[in-house]
Structures are given as C-alpha cells and as structure tokens.
Amino acid sequence: MKKIRAALLGATGAVGQRYINMLDRHPFITLEVLMGGESAGKKYGQAVHWLFPDAIPERFAEAQVRSARPESAEGCDVVFSALPSEVAREIEQNFARSGFTLVSEASSHRMDPDVPLMIPEINPDHLELLEAQKKARGWKGAIATTPNCTVTGLAIVMKPLLDNFAAEKAIVTTMQALSGAGYPGVPSLAITENVIPYIKNEEEKVAKEAKKILGGVRGGVVVPHEIPIGISCNRVPVIDGHTETLYAEFPGAVRPAQVVKVLGVPQKLKLPTAPERPIIVRRENDRPQPRLDRMSGSVPGMSVVVGRVRNGIDERSLQLTLLSHNTIRGAAGTAILTAELMQREGYIG
Amino acid sequence: MKKIRAALLGATGAVGQRYINMLDRHPFITLEVLMGGESAGKKYGQAVHWLFPDAIPERFAEAQVRSARPESAEGCDVVFSALPSEVAREIEQNFARSGFTLVSEASSHRMDPDVPLMIPEINPDHLELLEAQKKARGWKGAIATTPNCTVTGLAIVMKPLLDNFAAEKAIVTTMQALSGAGYPGVPSLAITENVIPYIKNEEEKVAKEAKKILGGVRGGVVVPHEIPIGISCNRVPVIDGHTETLYAEFPGAVRPAQVVKVLGVPQKLKLPTAPERPIIVRRENDRPQPRLDRMSGSVPGMSVVVGRVRNGIDERSLQLTLLSHNTIRGAAGTAILTAELMQREGYIG
Amino acid sequence: MKKIRAALLGATGAVGQRYINMLDRHPFITLEVLMGGESAGKKYGQAVHWLFPDAIPERFAEAQVRSARPESAEGCDVVFSALPSEVAREIEQNFARSGFTLVSEASSHRMDPDVPLMIPEINPDHLELLEAQKKARGWKGAIATTPNCTVTGLAIVMKPLLDNFAAEKAIVTTMQALSGAGYPGVPSLAITENVIPYIKNEEEKVAKEAKKILGGVRGGVVVPHEIPIGISCNRVPVIDGHTETLYAEFPGAVRPAQVVKVLGVPQKLKLPTAPERPIIVRRENDRPQPRLDRMSGSVPGMSVVVGRVRNGIDERSLQLTLLSHNTIRGAAGTAILTAELMQREGYIG
Amino acid sequence: MKKIRAALLGATGAVGQRYINMLDRHPFITLEVLMGGESAGKKYGQAVHWLFPDAIPERFAEAQVRSARPESAEGCDVVFSALPSEVAREIEQNFARSGFTLVSEASSHRMDPDVPLMIPEINPDHLELLEAQKKARGWKGAIATTPNCTVTGLAIVMKPLLDNFAAEKAIVTTMQALSGAGYPGVPSLAITENVIPYIKNEEEKVAKEAKKILGGVRGGVVVPHEIPIGISCNRVPVIDGHTETLYAEFPGAVRPAQVVKVLGVPQKLKLPTAPERPIIVRRENDRPQPRLDRMSGSVPGMSVVVGRVRNGIDERSLQLTLLSHNTIRGAAGTAILTAELMQREGYIG
C-alpha cells in the first residue's frame, strides 16, 4: 500500500490527541506534521495537556508544533483537521484553496451540500462530491468531513433499519460522555452525581447530520433522507462512550430476531481502521454499558455496540440501546477510516 | 384535624427510613409503631443502617421494632407498608383481613383491579375502590397502593397532556437514581463512571401502572387508559432523582407555551404533603437536573420538575424532560399524601 | 442587637454565592450592596451562574451589581470580600484606605503579620491587631482575613490538642472537595473516577496559615506557633466537604478517651453563626463522611466533625479523621462569624 | 522454560477473574483447572459475573468449574488460591497436606511465621521458609502467600528507603479503590460523591504484613522489621488503583533527588511478570493519578508509580505519593510473579 503523509490541524486538543494515539502505528498513514494555534513553535510534549494513560509516543513528544498555515503541511497528502469549529472554517478553506485534501472533524463545513459527511461503511459513494466541490468552488484541494460524535453511532444503526425495514420515524435519547465536550469541558461541580439534560446545539446537529449521511447524492449535492428524528441529548458522568436509546417505527411488523441478524452483518471494506463488525449485537439484558463495551471489537472503539433489541409499543415499532465511542468512532477513528477509503479510491496519495 | 395513629411495616429499609424522616413532624399523623422482620425486638436505632445525613429522630432511635403481625399495630388507624415486594403480599393481606387499612409501596397488590393505585392529585376518585374491595374480598380492612418510583413523575406529567391535548402515544427514556434500587442495591463497581441500560421488570411496571393510574373506575374496578407507552429504563450514577425524557404525540398541533401553562397549574388538594404546584416548569435550557432540582417546591421532593418543553418531530408532537424525587414523590411522600386524602375523605381515622 | 449593614465584593463567584445564601436571614447583618467586576451594572440574578439547589433569594436576584469601588459601599459598616486572590490585594487596600473595615476570604493579606487571620473560636484576641494595623498603615479602615478552606478544620482540631496535650508534630493528608476550586474549577474529565494528588500552593498555605492562627499576638504582630506540620493535599470527586487524616505526636501519652472529651467541649461565643459545638466527635468507625456529615450541627456546615480518634504508632501519638465544610466553615461562615465577633467587640457597627 | 500446570481456587470471584485474565497468554504457566464452591459443576462462562471489558477467553468460558478438592487439581504443579479468607484456611491446608504447593492471596496464613509472604522483588529469600514449613507441619506440600492489596505498593517503596536511608518511621494515608472490596463490595449509595474513612481490619493488616515482608528469615521463621507504621485507610470512588501518601522519617538528611534515584532502579529478576521498573517515578506535580497511571510500565499494572517526592517537615523527613494497581500488583500479579520465581528456584515444576 502506498504510504500517505499526513498533517494534523489542532493537534493539542482532546480530539487531536486521539489522532496521535491512533496514527502512531498506522500501516500506511504517517503523521508528519502537527499544527496548532497558541502552541505553534513549542515542542508537542510541552504544549499539550495529554489526556491519555499511555505516554505520548516519543517521536510526537519531541516534534515541534507548526503554525496552522498551508506552508507548514507542504508535501503532505492529506490534512486532518481537529480544529474547534469556531476557527475551522477559514483555516480549512485556506488549506483547500492551496491544494490540500482535508478530512475535518469540525462542524463548519459539515452541512455544505457539496461537502461529503462521511461514515465509510454507510455512504462511501458520497466521496464523489469532492470533484463537484472542487469545480464549484474553484479550489485545487477539497474538504471531506466526518460527523458529530453523537450522530455516528446512530447513523450506523439506522442505515440497516432503513435499508431492510424502511424505518419511518426515530425517537432518540442520548446519555453522552464527558469527553464529548473536550477539555476542560464540563466542570466537575456541574456533573458530579448529576445529569445535565441539555447540550448546546447538539440536537439540531444530530438530526440534520444523520439525514445527510443517510441521504443520496444527486447532481453534485447530497439530498438528505427525510426520516423524522426526534432527539433529547443529556450529559452523564461517564468518561468515554455515548449511550443512546432508539425507538423506531416501521410500515410493517419487525421481528427483533431479524433486526439482530441484519445489524450484525460483517463489513466488506477491508481497511485497517474498519472493524470486522461495524455493529456488535449483545444479547445480555444489561448491555451495552459504556465502561465495559466502549473498546469492543477488532479495532477497539470502532464498533457500535447494540443491545436490548425488542419491540416498542407494538410489533411495528422497535426499541434498542446503542453505544459508540465518541472520540474514536465518533471522531478520529471515522476520520482516519475516511482517509483510508480516500486513498483506496484514489482521492489522495 | 383529627389525629391519625400510624404503623409502619418495613421500617428499617431504605423506603421505610424515608417515612421516619417525613413523618417526624407531621401535623396530624403520628407514627406510633415500627415493625420489621429480622430487626424485630431490637431498638430501631440499632437495627437500622441509617442512610440520611440528618440523625435519626430521637424518639424513633429509641423505639423498639415490633414483629410484622396485626397485633403489633393495635389501635392504629393506618398501616404504611414499605415491605419488599417478595414478602409484602401475604403480610399485607393478613393485616387487611384483620381490619387494618393499608397504604402500601410494595408492588404485590398494585395491579389488582380492585386495589386503588394512588397519586392523589391524579386519581383521587380511585379511593372508592376500597369499599368494593372490602366487599369482594370479605376483608374488614383494605389495601391502597402507591406506584413504582419511576411511574409517579411520568403519570403526573401525562395527566394534563391527556386531559388537555388528548395525547395518543408516549415514548419515554429514564435515567434513574441509585436509591431506586434500595440498600445495598447497585454495586459501586457496576455503576461508577457508567450507565446500566436495564432495570429488571421496570419497563413493564411503568407502562402498566401508568395506564392504571390514568384510567377510570367502572363497576368497582379500574379500566386502564389505553395510551401506548414505550419505555427504556437506565441506571445512572445519581443518588436521588429520576430524570426522564418524554416524547408524546397528539391528534392536533400543540404549542409548547400552552403546554407550559397547563402543566404549571397549582393544585387544589389542601393537604400538608401536597406541594403548591405538583409540577414546576423551568424555562432554562439546562434544567431539570437531579442534584439541583430534586428538592424543589413548597414540600421538598414532592413536586415534579419539568423543563425543555418543545415540539418533537413536528407540531403534533412534544418533547420534554421531567424529574421526580424517587424516594419522596416516588415512594413515601405519595403514600403519606394518600393517607392524608383518605383521612379527609373519611376512609381512615 | 444593633443592625450591621454589609457590602460584598466578588458577589457572583462560588464563594460570593455562599454569602448570599447565608446572609439571607441573618438576625442583624443585612447585605445591602453586591459588587462585582464584569458583572457590574447587571442584575445579580442574570449575572450569576447560581450553584445552589435553592433559588436565589428574590431580593438579591433583582439587586443590581455595583462596581468594586469604595463609593459603591457608602454607608456600609463592613465589607466582605470574596474576591479571587489575583485581584483582591489592590481593591481591598483601596477600601481599607477609604475607611472601610473588611473581612476577606482572599489570600492576599492573610500572611501580613499585622492582619488578623481569624477563626473566632480559636483566636478572638487576634482582632486587636486591627488597631495596630490602622496605625502602621495610616489607613482609616482595616482588613481582617479568614483562612484557606483546608486549614480551618485543621486549626480548630489542633487548638485543643496544643492547649491540652502540647502536640509537637502534625502530619496531615487531605481529600478535598471540588467546590474548593471554585467554578468552573476542576474539569470533570480530570477528576471523574480519579484522585489528583496535588493542589497548587495549597500545602504551603495550610502549614503557614495554621501556624499563624495558632500563634500569639505580641507587639502588634502575630508570632506564629512553631509546631511542624507536614501535609499532602489531594482532590477527590466529592462536591463539598474536605476530609483530612491527622497524625500527631505528643511529649507524653495521650488517651483517645481524653482527646474525645477535650475536642467535644461546647463553645462560649454566643453568636448566631457559632455552632453549639465547634467540633462534633462521632464514635462510629466509619465517620466522618463528607456526604453524610458536612451539614452537621446546630449551624449547618459550621461544625468540624471528627472521628476515628485512636492512638498512632504508640501511646504518645494520635490519629484521627476530620471533616469540615469547605465553603461554609472554610469560607463564608467563618467570615460572617468574624464579623459577628467584630460587632460585639466594637470593631464595626 | 519448563511448562508449569496450574490450578485456581476461587476462580469466579473478582480476584480469581484477574488470574484468568493474566494467565491467558502466559509463556510457561498454563491454567488447567478452575475450582469453585457453589459454581462447581457449571461452565465457567455461566458461573461467573465477569467484571472486565475484555470477553472471557474462550477456552475458560467453556471450562467446567470443579469442586475445591485436591483430586480436582491432580497433575498440577501449583495451585493459586483466590479464595475468600473465611473459607481459605481449611481448604488450603487440605491441598498442602495432599502435596500441593500453593500460592495464596487469602489472608488466612499470611501471618504464620513459617509461611512466606512474598513480593518477589523485595524478599525472594523468604521462599526458603517453604522447606522449614513442610518439615514443621509434616505436609507433603506447602503454602506461600502474597500480601494484602494495600501493603504491596507500600512495601515496594519502603524497601529502598530502609536499605538506603534507614527509614525509622512511616505515616501512611490511603485512598483505596472500590475493586479492593470485591464484588458486589461497596454499595454505590455508600460511596458515590463520598469518602469512607474506614476499611475493616485493613490498617492492622497493612502494618503487620509490611513489617513481615520487610523482615528477615532466621531459624525457619520470619523476624519482622521493627519500623513503626501509622496508617489511615480510606475508600474513594475510584475503580482500580490504591493511592497512598507516605511520610517517613530518617536518622539523617535525605535529599529528594537521591530518593528518586534509588526508587527508580530497574530490577534484576528476569521473569515474565516482573516489570522492568518495579517503581516508576514521575516528576510532574500532579502524578500519580489512579485513572492515568494504574496500568503503567512494561507489565501493565505491575509497577508502583511514585510522585511528589519532597522533604516533609524538615530535611530528615520525606513525603511522597504512591499508586499501585490493587488487583494486579496487589493480588494476582504478585502471586503469578511468585510462582514464576518458585519455578526458577526449583520449588515447583
């Protein structure tokens, strides 16, 4: 496999750190350039408030953080962006204009109709937007995005429900982990022994992004899926792993056993960061649990774990609980998987 | 107000302790007899693993726990039962047969069609079942029950939605407190930094009990309401206070402002344990929160706190978040309020 | 009792809120002026991120926050300062120069030898420094201070150990609550399911301040006590209440029963915020616990709770565990008690 | 290396599970027999309440649990005991009498003077007690034990302080993890947002066991070290990892830099479960932290992590904070390492 040279925007933040963590031993992507804002000029190991138990991989600890300008990334095949959304828009466009292909975790471009919002197992065909995007914008490079951490697990589970049973409505309640808010994020005084029933802008994002991911490409833009999604987002005192309850309705009867079968299908993308099963279905009553299940599967943190599959108020409705790791599957992992797919499909490298 | 003499079954358990706590200064109910199983014969203060920050009220600490037999309660006007459901059925029937009127927190008789399942603000008329019950069973006494801790808050909120807007469907996700499982209850190793997406038998109970409470009395039995309720119960690391998200559908459009108005109506029961507002509606985005709101209102812990009232997937659906204190409104408080109502209506005393 | 009119600097912060909370119903201190920095000009209810379950008392919610200048406090008898230490020094001196008497929670002046560092039950005589201070500094007003939240409980327990048994050495380990770090304070990602074995500058402060409080006044300055104190400060995931283990050595044998007796002596200050017992000694093995004991006593949160009194490595050493509420006894409560003492002794009002 | 065949007593408990987890891929110890009490006769996967995120290794899930009798372990070279101490004494003696060599985590025989209490890096020579033990007791087999989870980290740190600086006194405060109490262990209602300042019998055990481990062998028995140890044990809401503050006194001045050097010495035992560094010294102010550091080192969970090395009340005293993984280094890991040492030294296999 041809080597891919990568650069990272926002390297010192909580999401940025996860890229360092996941790309340290990647078979063909080598992370060569770390970029930051205030940390530019410092050694990474000194600039970062490192959040993981594992030590910072030595070569990154010693690397110098560069400023967030296209010149810093010269020679790189792909630029990952873990920038905070407030500053991402302009910087990312700047890189795209200069000819870089970006995979961005930031929300700034996610809902642009000519920008793909990627979950490689769900909508690999959306990558074709990149060409239209370049043309329309007159850019030498292009931007692909990955979704909000809460929508990723949900969309992965909804896809087979739509394809196989034509789901017509989804009502979702989330119990989201602290790491979803970054660092310093949620004050301990606010969340200890508590639930916070609100996450700013989150509910709107989840509904809109899910529909876009599940939609189709027509004429160089995405036509969102029309399934109505009602959602209530909550913060709970859990470090990593978003738990979500899903209630869905269907035009006809659905049998839980059928659903379990359809959810558990192994995937066909043979890429390093693609887990054998995008969805792992547990049969125990009391699973999934974030502390026990968030690192499940052949690529730890990349599988969505589903449990409690059962009918809802009648045989035409379904209830289940899903869990996905918000900073792996919900952030860096999906972005890296997207880059792997882009490489295979010839968009980068 | 005529004094009521009360006895308490299951006095040393987590629920029983809440009765001690709430009846210590009651204006007309005096708790005179404490009964227990293994603790019978001991001083209450020595038999109990006391869970509250406040000390055990002196006179109870020194009281001797009696055995759970009708003779122990001689002279009492009402018997509160905080027995575990496994042992409640037989003991409670024994007391009822002997002429006692019981108000029970146990689940054993809750779903018997001739046993009222009471939330005084919602279904005061269900008390009339007591007469039919006596007759049908040939008992000198009778049993009234109060609902599961999770259903109480939900039923209080659903009642005005049914009465005013003819709600047609309810989808509920709960985030339940640890005290709902009693003591020792949930192991800390199981729930620390975690969510458990299952509580045994809870979902079935909530749906069935809510429908009964919201139903009508016809011919000496309750005819349950028919609204379909889908529910997912979760345990979260919170000490007290069950948080629930509610999605509801209606035949026509509902405006959140109307809903807020209808939920916030003050109550008319002028009883000591009846809060001025059974439902307190908060307008801040990030409320209710269990740690901040569980003791709200004029009778701390007896009001349900609602927030985030908004439309769901369209103008004919609604979403909101509700919080109720599971061991006060969800247990001892509603039972005491029921006894107060029974006294006023002439069923006891 | 003559009424005292009070002003509050730093009214919107976590400590400032506790003053609002505690002074709402004070028998003779009326809080008339709220002052702030960025919040100046706004209504208090809108400027504050209110942290308590109880609502903001109405009259404060509607009060306008004034700027932190002496003119704002005109007519007030005492000024409480809950300012962050970074800004306190200059502002407080400004007030003192203008003739105000301050009681300050900030650390800026605590260690000045002519500034009393007050725990009214321990060193009421230190108030006499105020006169010397005025003279030496040429101020019309004066500054009294109260200690760091961690030292308060410790000093209250050490005082009788010094007076009665001539303690010679103290080794202390703390397990401190989150609220000690203010709001937003400790990130939840840092402390959830964790212990942080370090609190910046805390250990130095505790040792120095304890020695000053326990010292004597000579020639217009405090001569610190010389007992050596070794201390390790830790942060634990508890909302309120600092728990501390104390190991102490003595010149002769000490019997735990004697110690218990000496610690439990009722106090003689008959002031509204002085608890009947500054120290409550628990005899159960597993007390004190922060969640259960932090609000103990006749003035909730003002008593230090001590337990596990036992010998250490031999009969000349002692071990015990103590708990004190860090934002009540450790902050606003001791400051209010100091103002009460100052009023009685004729320093204010 | 010659293969060792092992059996495990108490296989389904919390400690037993850790053996399964750690022996799954051991280079020369193969766990062949699982024994239990009530679970005897069942498949291990069905009998166990599995506590780890990783799945039960397949071959163990399917293995049948045998009853806790010598016949069950026929052909095994070593028997690990993870039995609860209440039942361990008799069962273990029974095995030893029948000719088995045991390595036991239970406390029942730990303090017998002819039974070695092993931490292989500290007192490898204590193994010689095994011969004397056999002779004295007339057993064909023998029992070696490993210490309480709290003493392990402490003894590993005290050893170089004794050897190099002749430490004379140790004052210790612990903040212990929930898993130290087994499963179900500490109720969540007891420990959430709380500290419990007491662990039954723990303080006595830690002092006595530390002195035995640090003692010398003379005449077939251990002569305990005489250093006085004062200790206060606390439970905190942390899943795994005991944090301890240590204050120590010395006959002369000790320089923190010297101490750091002496603690960080790599070890010479070249055994699979021996980490390169038994003690890892961190220089950051805010380490060690249980969530971040408990799995440090070349054999995750086997290194003690030390930080905050500094003088105490003067230059002849020292303070530091240490962390050790209570179910790995503090239980199964040290037992497995002991078996590895016994194999090399010819005691088993």
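All chains are identified by letter, namely A, B, C and D, in their written order; residue positions are counted from 1 within each chain.
Keep this in mind: a residue touches a chain if its C-beta (ideal position, glycine included) is under 8 Å from a C-beta of that chain, and two chains touch if they have at least 3 such contacts.
Since the structure is predicted, the reported quantities are computational estimates derived from the model, not experimental observations.
Seen from the C-alpha centroid of chain D, the farthest chain centroid is that of B. When the interfaces B-C and B-D are ranked by how many C-beta pairs touch across them, B-D comes first. Per-chain Cα centroids separate chain A from chain B by 42 Å.
Centre-to-centre separation between chain B and chain C, using Cα means, comes to 41 Å.
Between the Cα centres of chain B and chain D there is a gap of 48 Å. Multi-chain contact residues of chain B (touching two or more other chains) are listed as 192-193, 237-239, 291-292. Across the interface of their complex, chain B is touched by residues 52-53, 192-193, 239, 291-296 of chain C. Remark: chain A residues 14, 51, 178-179, 183-193, 237-239 touch chain C in the complex. Residues 169, 171, 173, 175, 192-198, 200, 228-230, 232, 234, 236-239, 243, 245, 247, 285-292, 307-308, 312-314, 317, 319, 321 of chain D are the ones touching chain C in the complex.
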